[in-house]
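Each of the two complexes below includes chain A, the first together with chain B, the second together with chain C.
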Partner chain A sequence: MFDYQVSKREFQNWLIKMQEEYEVWAPVKVGKNYTWGSWDGGSFPDEDYQNTLKPPKDLFFPQYEVLLKYKKVKGKRPLIIEPDLPQEKRIIWEVRPCDARSLTILDRVFINKDYEDPYYSHRRKNTVVISLVCQKPGLGCFCKDPLTTEGSDLMLLDCGDTYLVKLVSVKGKGLIKNPVFTADKPINIPMELPANPFNLEIADKDLAEKLEVIYRSPLWRELQEKCVNCGVCTFLCPTCHCFDLTDDQKGKKVRSWDSCMFASFTKQASGHNPRPTGAERLRQRVMHKFRYFFENHGIFACVGCGRCVEKCPVNLDIREVLQRIKEVQ
Partner chain B sequence: MTVLENIKAKAKELLEAKEVEVVIGFAQGTLPGKCTPYFARTTEEVERFVWQDGCNLNLANYLSKFSGKVGIIAKGCDTRSIINLIKENQVNRERIYIIGANCPSMGSCHNCRHPQGVIADFYAEQVQLNNQDDFSDVEAFEELLSEERKNYFYQEMSKCIRCYACRNVCPACYCKECFVEENLPCWLGKTTDLADNIIFHLTRTMHVAGRCIDCGACVRACPMEVNLSLLNRKLLKDIQELFNTEPGLSLEAEPVLNEYKEDDPQPFLIGGEESV
Partner chain C sequence: MAVTVEQVKEINPLVPIKAKVIKIVQETPDVKTFHITTIDDKKPFDPLPGQLGMLSLPAIGEAMFSVTNKGENHIEMAIKSVGQLTEALHEIEEGQEVGIRGPYGNGFPLDYFKGKDILFIGGGIGLAPVRSLIMECVRNRENYGKLSVVYGARSKADLCFKEDLFENWPKVPNMDLYVTIDREEEGWDGHVGFVPAYVEELAFQPQVTVLCGPPVMIKFTLPALQKMGFADQDIITTLEMRMKCGIGKCGRCNIGSCYVCLDGPVFTMEQLKELPPEY
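And now, the complex of A and B:
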C-alpha cells in the first residue's frame, strides 16, 4: 500500500525545492555504470538502472576518512585535533530497497547501546533515504523482499509518468509537509510486480545452525580453492564493515576499509595470522555474515544485492557457497 | 573429436594413470557467459569441464596453489605466463602437464597474437591462427597532449577501489607480500586517494614490465572497469620496439629486463636516442 501518487514532474519540482536545504544525491551514469553523485536536478534513472556499482555505504562509512590528527608537543602529551563532524543535510534517492535495508545493518554496528560512532551517526542522522522499488531483478540478486521498507524514509514505485510514494519513517513524513502530494486513500500497487523474482530462500535459520557445526569442515578448503583473495566481494558489499586504522607520517589517524579476504587481515604484530590461508578467510566472511551477526543481532549481514555474485572475478558465487553449506550432512 | 572432447580425454587419461593429481580447467559458471575455475581430481569431475567463450581467466595463476603434479588446460596467454613462471623459478616444469588449446574467447582481447598455446605437452587442437597486434590503441593515446593523457589517467585511477583484484588474478604478481601491504614502513596509504591509487598502479605496472604478457585478466577482473591495459600495453610496445622481443614466448631467452647489453637502446636518457 502506498500513500500518494504524484507525477514525476511534481516530484522533481519538490526535490528541486528540497535542494535549497539538502544536498541531493542520486545514481549518476558514468559510462555504462551508475555511481553515487550529486543530483543534477533533472535526471531520472534510465530503464536500465538496476543498481549502483558501489553501494551507498560509502556515503555513511567512506572507504577512508581521517578520524583525527595529532601533533607532537615536546615534554607534553600530544595535541589531538578532532575534525568537525559532518553536518550536511542530505537526501539520497533512488536507493534500491536492499541497499536501504543494508543501512539498518550498519546501524547495528555503528550506533548501538555500547558504542556510537560519531562520524557514521552524524551522516546517518542528517540523511534522508528515498528508495525506489526494483521491478526487474539483476542476474545476481537474491533478496527476499523487494518491497522491504527497512532503512527507507520514503519509498517510491515507478508507474511510468507517476511515482507512488509511501511514507515510511517519521523523518520521511516530516519532509512531506508541502502539499504537492495529495491522496484520499491508500493506493494499491497497480501493476503486477515479478512474482517472487528474487526468492532464493538460501539464508534462513537452518543455515546459522549448520554453520555452528561445520567450523572445522574440509568444505572451506574446497570452496576457497578458486578464490584469489581480492577484496571485490567485501568492498562492493553494502554491509561489510571491517576497517583498519593506520597512522600516516604526518600525524593523521586514518580509518579505511579492510577485507577479510586479504592476506594482511588480522595479521598480528608478531607476524602471526590466525587466518593464515584462504580457507580461514572465506570461512570468516561467511561466518561473520550468516552466523556471528545472526547470533548478535538476529539477522544476517547480507541483503542479497548480488554485487559480490556479479563482480567476483572467479565467479565464486555466495549463493552456491550457502547451498553447499546447507547440503553438508 | 571436438576440442573439449580432446581435453577431457587427455585429462581423464592423466588422472587415471595418476600422472597428475588434479587438472586445472574451467566449469560452467552461475551467470550467463561466465565460466569459473575448476579443479578436477576424478574422471567424473572431468565431465564438468567446459571450453568456451568466458574461459578467460589466466589459469597459470593457480599453479602455485598445488604442490603435487598438476595438469592445466592452457590457452595462449596461460602458456606464456607458465613460461615466465618457469623461468622465474616459481613453477617446476617437471611438475606440470600442459594441455594446450586455442583461446575460446576470441574477439575479447585486442588483436591477440597468440591465442594458441606456445608450449604444451599435448595439443587439444592444431589450428594455427595468425593475428597481428597493431598497438593502434596505444598509438592513438600517444598522440594525445600530455595534459589529456594525464587527465585520462586521473579519471581512470580515481575509479579504483583498491580491491587488488587486478593484482590477485595476475600470474606475474606473485610476491608473498606486496609493497602495498607492508606497514613498517607504510609505503602507501590505505586510501583511495588519487595519489595512492596512482602509486599502486604505476608500481605494479613497472614491476610486471617485461613480464606482463597482456592476457587482460586484470582488466576483466576489475569491478570498476578501470582501463588497466593501456599502461601495460605501452610497455609491451616499447619492449617490442626497443628490444624486438615479446615476453613469454621461449623458455630459453632471458627475460628482457634481466639482461644488460652495452648497446641496449636507451632513448629515455638524455642523448640516448643516438644509441638507437
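And now, the complex of A and C:
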C-alpha cells in the first residue's frame, strides 16, 4: 500500500524546491557504474540503474574521515584542535531498499545505549532517505523482501510517468507538506511485481545454529583455496563496519575502513597473529555476519545486496558459501 | 559548526584526554614503566586491576596497554619496545605530554579472590597485567590468603619490576616468590629453567591461579596446572589482542561474539573453552 501518487515532473519540482534547504544526493552515472553524487536537479534513473557500485554507508561512515586534528607547536607536543561535526542537511534518493535497511544495521553498531558515534549520528539525523523499489533483481541479489521499508523515510515505486510514494518515518512525513502530494485513500501497487523475485532465503536461523558447530570444519580451508583475501567484499558491503584509527604525520587522527580479510588486521606487534591464514579470516567474515552479529544484535549483518557476489574477482559467491555451510553434515 | 574539544570528549569516547608522564622507570633493556597523571596532576581514571588503557602520542599513534599499578594520583603502564609507537614512547622524557583514554575491559573478579590463596604465574612482560592484581592483594593484604608468585624471564636483565621482586614483595607477609631465568648466568644464584617446568616442580596445591605470559608459556603451563588438579574456573588469564577503538566497534579484537576490549581481557579457562581458539 502506498500513500500518494505524483507525476515525476511534480516530484522533480518538489525535490528542486527541497534543494534550497537540503543537499540532494542521487546515483550519478560515471562510466558504466553509478556512484553517489550531487543530484543535477533534472535526471531520473536510467532503465539500467540497478544499484550504486559503493553502498551509501560511505555517506554516513566515510571510507576516510578526519576525527581530530593536531597542531604542531615548536618544541612542544602537538595541541588538539577543534574537530568539526557534519551539520549539513541531506536528502539521498533512489536508495535501494536493501541499502536503506543496511543503515539500520549500522545504527546498531554506531548508535546504541552504550555509545553514540557523534560523526555517524550527526549525519544520520540530518539525512532523509528516500528509497526506490527494485522491480527486477540484479545478478547477485538475494534480499528477502524487496519492499522492505526499514531504514527508509519515504519509499518510491516507479510507475512510468508517476511515482507512488509511501510515508514511512516521522522524518519522511514531516518533509511532505507540499500540495503536490495528495491522496484520499491508500493506493494499491498497480503492477505485478515479480512474485518473490529474489527467492533466496538462505540466511535464516538454522544458519546461525549451524555456524555454531562448524567452526573446525575443513570447509573453511577448502573455500579459502579460491579466496585471494583482496577485501573487496568488505569494502563494498553496506554493513561491514570494521575500521582503523591512525595518526598521520601531518597531524590528523583518521578513521578509515579496514578489512578482516587482511593479515595486518589482527597481527600484533610481537608478530603473533590470531587469524594467521586466509582460512581463519574468511571464517571470521562469515561468522561475524551470520553468527556473532546475530548473537549480539538478533539480526544478520547482511542485506542481500549482492555486491560481494558481483564484484568478487574469483567468483566466490556468498550464496553458495552459505548453501555449502548448510549442507555440511 | 565546530564544537569544543571538551564537548567532543563528552560525546566521543575515541578522543583521548591530555595527560603527562611524571616518572619513567627502566625495568629491563626494552621495558619501561611510565607513571601517568592528567595535566593537573590527577589520576586519569581509576582502573580495576586487569583493566586497560589506550595510550597515545599525538601524530604517532595509540595502543592499548594493561595498567600495571595505580597510585593516589597516577596510573602505571609497563611497556615493551616492540613497534613504532612503543619505540617512540621509549624515546620520551619525564614531563612529556601524552594522550590517554580508558579504562577498558572487565578487570579481575576481585570478589572471587577474596580470602583465597592465589598463585600468580608470569613470563616476561606478562607480569605487567598480573602485577595490577598482586599490588591490590599487597595493599589489602588481609583480604586475601597466601600469595605465591612464579615469575620467569630470559635473563636476569630481562626481569621486570626488580624493585618489587627483590625488595618490596619479599617483605610482604605470607607471600612466596619463585623467580627463574631461562639460562644460567654469572651473578645469578636463583632458579634456572622455564616457567612451566618450574611450576610443575613446585607442585602447588590446587588454588586460584592467574597467569599471563608469552603463548608458549601458557601452552605448556596449562597442562601442568591441569595435571595438578587446578579447576578450569580457577585458572584465570588475561588476553592480548590488537585493538583500535577499545569500545567494541572496530572489529578486530573479537573472539567469537566476545570482544576482548569489552568482555575481556580477563577470562577463566572455563570461559575460554566455550570460545573459538582464536587468540
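The criterion applied here is as follows: the second predicted complex is superposed on the first by the 320 of 329 C-alpha atoms of A that agree within 3 Å, B and C clash if a C-alpha of one lies under 4 Å from a C-alpha of the other, contacts with A are read in each partner's own complex, and residues count from 1 in each chain.
By definition in this document, a contact is a pair of C-beta atoms (placed from the backbone, for glycine too) under 8 Å apart; a residue touches a chain by one contact, two chains touch by 3 or more.
The shown structure was predicted, so the numbers you read here are calculated from the model rather than taken from an experiment.
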{"item": "Simultaneous placement of chain C and chain B on chain A, clash or fit", "value": "fit"}
{"item": "Touched partner set for A:Cys260, first chain B, second chain C, both or neither", "value": "second"}
{"item": "Partner chain(s) touched by A:Asp244 [first = chain B, second = chain C, both, neither]", "value": "both"}
{"item": "Touched partner set for A:Gln268, first chain B, second chain C, both or neither", "value": "second"}
{"item": "Partner chain(s) touched by A:Gln87 [first = chain B, second = chain C, both, neither]", "value": "second"}
{"item": "Partner chain(s) touched by A:Arg96 [first = chain B, second = chain C, both, neither]", "value": "neither"}
{"item": "Partner chain(s) touched by A:Gly140 [first = chain B, second = chain C, both, neither]", "value": "first"}
{"item": "Which superposed partner A:Lys57 touches (first chain B, second chain C, both, neither)", "value": "neither"}
{"item": "Which of chain B and chain C A:Arg281 touches, first, second, both or neither", "value": "neither"}
{"item": "Touching partner for A:Val309 - first (chain B), second (chain C), both, neither", "value": "first"}
{"item": "Touched chain A residues, chain B compared with chain C", "value": "C"}
{"item": "Three-chain overlay, closest Cα atoms of chain B and chain C, distance in Å", "value": "5"}
{"item": "Intersection of chain A interface sets (partners chain B, chain C)", "value": "244, 246, 248-249"}
{"item": "Chain A-facing residues of chain C, complex", "value": "1-5, 8, 11-15, 18, 56-63, 82-83, 86, 96-98, 214-215, 240-242, 244-245, 247-252, 254-257, 276, 278-279"}
{"item": "Chain B contact footprint on chain A (complex, rising order)", "value": "31-33, 53-54, 63-64, 139-140, 225-226, 228-232, 235-236, 244, 246, 248-249, 254, 256, 259, 262-264, 309-311, 313-317, 319-320"}
{"item": "Chain A to chain C touching residues, read off their complex", "value": "67-68, 70, 72, 76-78, 80-85, 87, 109-110, 114-118, 215, 241-249, 251, 253, 255, 258, 260, 265-270, 272, 274-275, 280, 284, 287-288, 291-292, 295-296"}
{"item": "Contact footprint of chain A on chain B as seen in their complex", "value": "29-32, 34-39, 57, 61-62, 65, 161-165, 167-169, 177, 181, 183, 186, 189-193, 217, 220-221, 223-225"}
